[in-house]
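Have a look at this one before I ask anything.
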């Protein structure tokens, strides 16, 4: 994937990136556009940034949902898998309506997103978030206090705070071990600071703690999306259009803040000279790209820092001396995507 | 000869043949796993014979304990200790086997002879009890109470003893194997390149 | 003795607790048994692809100016544009155009960057053939329009979540002609004008 | 033809002799235990045959058979545990290798 | 308390046709066996259908739909498919043991149905050792599992077989203890007498009220014996591929599959017989006859009663199967050490305590607990 990136323009490369982590697709696109954006200082309209945040958080929910399903299925309960797919399909329906594809969106662009949200999308997204909050309660009822589940995951696969830091873990793995570290809070990227949200963390460091962190993050993400829907500049698309019509050609509603993209990138967008490291908080942890440009259409170096690959390193230490069945629980709780590990 | 007697005779012949054949298999077949499974067959046909002898409870107990517990236990032990390894040759091994076989045959002849020459004090007419369970229970809790209690104590002792014997007293502390990939030191690579 | 008894009591409490939580879980699954199945019975029911759905690409031969932007933005330079320079009119003359859908990943870059909009995405997604070479569509095949799900009398069309009315989460109970969520801009303007009038 | 006591006794004797043969010739400790089980079964068959033909009203033979089964179960458990622990320390189940009193 | 005696009427019928009673009896012999095989097969197939439908419903799916009404033909299609599928025997396996293994498991399950009564006289053989025989015969199955596990020459199969055997013998003990408490109250091992002892007051006289702890122990142990989630460790897909079934296909696999569902059906029937009053209705049926002024001995009434009885026992059994299926699709799987812990450290002492309490209650209140 890195070598492919170095032989493509960013535009050409964007459709590829959703294959790294095919369950948290929006994040791979976000990092792919963020890196050259930051290097070239491309401004992002506020509305675009909000759309991005909504998409990212929905994608985070989708990723956590699928993690939940496979994790529980690894332990032996098959039914939650079907429930999470039901909700995940809804997220993908929303994605399809906005981007045209369920998984391989190709939606983010340098300086914004490819298209504005369609009519009625925000309404349905709001519906979905309320629905999802209910469903998370239902999962918790089904899973959290189940004594068998508790016995299988409590105290299994413990990572202490120091170990977690030393192994370079990130994301829920790190937060479950008692480190309050979330790049959304740390790096202040996009407009996360404008939302009122709390960082979810736990101190036990076992599989149960990781479960809790992820489930709570799902809830938190739902709330963030709801807030973002309220605060998005211009409101829903139909409202924006109506305001533009009402205000005439010179209205404030045509200003940059209400655009979904600052300037459509040309097919020959040049990655400027310079190098830097950009990261986002993906559902699995810190997803970063180390980018070196030399003022050409192709990046000179495109190094991906995938969270799954680095989180997976800790597995041999965790499974030492455990039972065979625990391997499944631990591996499930690490949440890896092999496309990303072996990118 | 009526129907039930015929059935009885046929089942006796079948069961006996299976029993003896399987028992021969147990001691003669080289594969220990096969002989363990044949042992199960021996126990099962034995239970059949017990049924013919009007002992339904003992037959069920035979199936439950011998087939369900002892045989499974033996199979477990085999799976745990089965290492395909040729045994060391012993001197005069074949001679030993032959002598044992002769002695066993002689013993069998002796028993056969005694058996056929003893006049048994047969009860004139065998009446099967309506329920052997009641009779057994009465025996256990009246005249055989002491052996019964002793047997239960024995079982408990055996249980504890077996656990203690089979338990690993200490986990052997193996040296922690390093999980790093073994790489050749750099110098060697360089020198290999020079050659 | 008391210690032992309290231990037994704790044990019993644990067991009761465990039974309670398992029963709680079973209540959830039991509750699902009386909900309507959410599955789409595919050949008889089909989801209507969204408006922006990126299916098989439609190509209009006459609009194409053979600029080859589609080739340049394609991740693998897939479209084959066969043109010849016609000196008389000083223009490129398109001879044939083809896209191999066995290789295309439907990213939509070509459609997005096409200057004359001669490329567009259709809602056709079931492109299975027995021979992969049949997926190599030439300009004639690319010019064909797909059939719509809603026109097929054999199929019950179902709408995706984003096109359902507000508050409805499940497509089965909704007719596909019912209005979807969101107001039209015209309606917003009208209501705004009414408010300013009143 | 009535099935008689003699038949059962002959079968039991044959089984017993097979058991003895296996007991002596087997090299595998587990097989030795299996041979012992065979012998115990032969004894049991005798008990039940006697109980049926000589004491059918008072089935004392069956009582004994139950005791034998109990003891056999205990014997199998302890015996196999011993075999297992020998195997752990000597790494073999060959009877010929068990030539030390303590291991 | 004497329902219809089918055998007697059959023999009399044939004797009326001019056959000797002995021949008539010999002709009678294979009929109940065939019937039992039929009933068990249909019961097992119905369980597989229920499994599909209930799991589908619990997961908001539809499940089999187009094969027959409500997909009822799916089990038959399953059987046909497995029958005509090629039976592969792995090259490095032990072909003889490989084939015998599933057969042993299958037979041991089907044999147990000999003593399961569907009505007063609707039982193949009312042997004195009844429940004990069921427990004894079901203990043969681990041998078949071990055989299958060993002969597949596959480490997952071997592990699965060993796990199955260990699980099966560990849970037999609490199972037997729970059943023993019931037996103690009815003073008899015979399944028919156990049911008869629960007659009289309708639903109030069922054993489940007198043996609540035993009921729970029995249910857990029976689930473990059937190797169903949460105790399906021998086949835990995520850990052991499919345990001892890994290498099986075609007919051999069908034997395992059929045996596991037949075993579920058997366990459900046992639960119904031991704790839920067998074929007894929730209200005493004799009273109904009295109220309706029908003489209890009239043949029509007896047929109706037998029919109601069969319906009742099947209803109870399928209620248990429903519960088991719902549980399977609700809970995760326990770990093997937790499973053995549960069996030995929890169920066994509680089972023993339950037995002691039952004995004490029996001495204290002989009226209510079968003096």
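Descriptive notes on the structure:
Residue numbering begins at 1 within each chain, and the chains themselves are lettered A, B, C, D and E in the order written.
Rule of thumb we're sticking to: a contact is a pair of C-beta atoms (placed from the backbone, for glycine too) under 8 Å apart; a residue touches a chain by one contact, two chains touch by 3 or more.
Predicted model only: the values in this text are computed from it and were never measured.
Within the contact network of the assembly, the step distance from chain A to chain C comes to 1. Averaging the CA coordinates per chain and comparing them to the mean over all protein CA atoms picks out E as nearest. In this structure, the chain pairs C-E and B-D differ in their number of contacting C-beta pairs, and the larger number is found at B-D.
The greatest centre-to-centre distance from chain C, using averaged C-alpha positions, is reached by D.
Most remote chain with respect to chain A, judged by CA-atom centres, is D. One inter-chain figure worth recording: chain B and chain D are separated by 8 Å, centre to centre, where each centre is the mean of the chain's CA atoms. Chain B and chain E, compared by their mean Cα positions, are separated by 28 Å. Distance from the chain B centre to the chain C centre is 66 Å, each centre being the mean of its Cα atoms. For the pair chain A and chain D, the distance between mean C-alpha positions equals 68 Å. Within chain C, residues 22, 25, 28-29, 32, 38 each touch two or more of the remaining chains.
Within chain D, contacts with two or more other chains are made by no residue at all.
Shown for chain B are the residues in touch with two or more other chains, namely 57, 61, 69, 76, 132.
Residue ranges on chain A touching chain E, taken from their complex, read 72-79, 82-83, 86, 142, 146, 148-149, 151-152, 323-328.
On the side of chain A, the complex with chain C involves touching residues 8-9, 11-16, 79, 83, 86, 89-90, 93-94, 96-101, 104, 106, 114-115, 118-124, 127-128, 131, 138, 141-143, 145-148, 236, 238-239, 241-242, 245-246, 267.
The touching residues of chain B, counted against chain D in their complex, run 1, 5, 8-9, 12, 16, 19-20, 23-24, 26-27, 32, 35-36, 39, 42-43, 46, 49-50, 52-55, 57-58, 61-62, 65-66, 69-70, 73-74, 76-78, 80-81, 83, 85, 87-88, 90, 96-97, 100-101, 104-105, 107-108, 111-112, 115-116, 120-123, 126-129, 132, 135-136, 139-140, 144, 147, 151, 154-155, 157-159, 161-163, 165-166, 168.
On the chain D side of its complex with chain B, the touching residues are 1-3, 5-11, 13-22, 24-28, 30-31, 33-35, 37-38, 41, 44-45, 48-49, 51-60, 62-63, 65-67, 69-78, 80-85, 87-88, 92-94, 96-97.
Residues of chain C touching chain A in their complex: 17-18, 21-22, 24-25, 27-29, 32, 38, 49-54, 69, 72-75, 105-109, 112-113, 121, 160-164, 166-169, 180-186, 188-189, 192.
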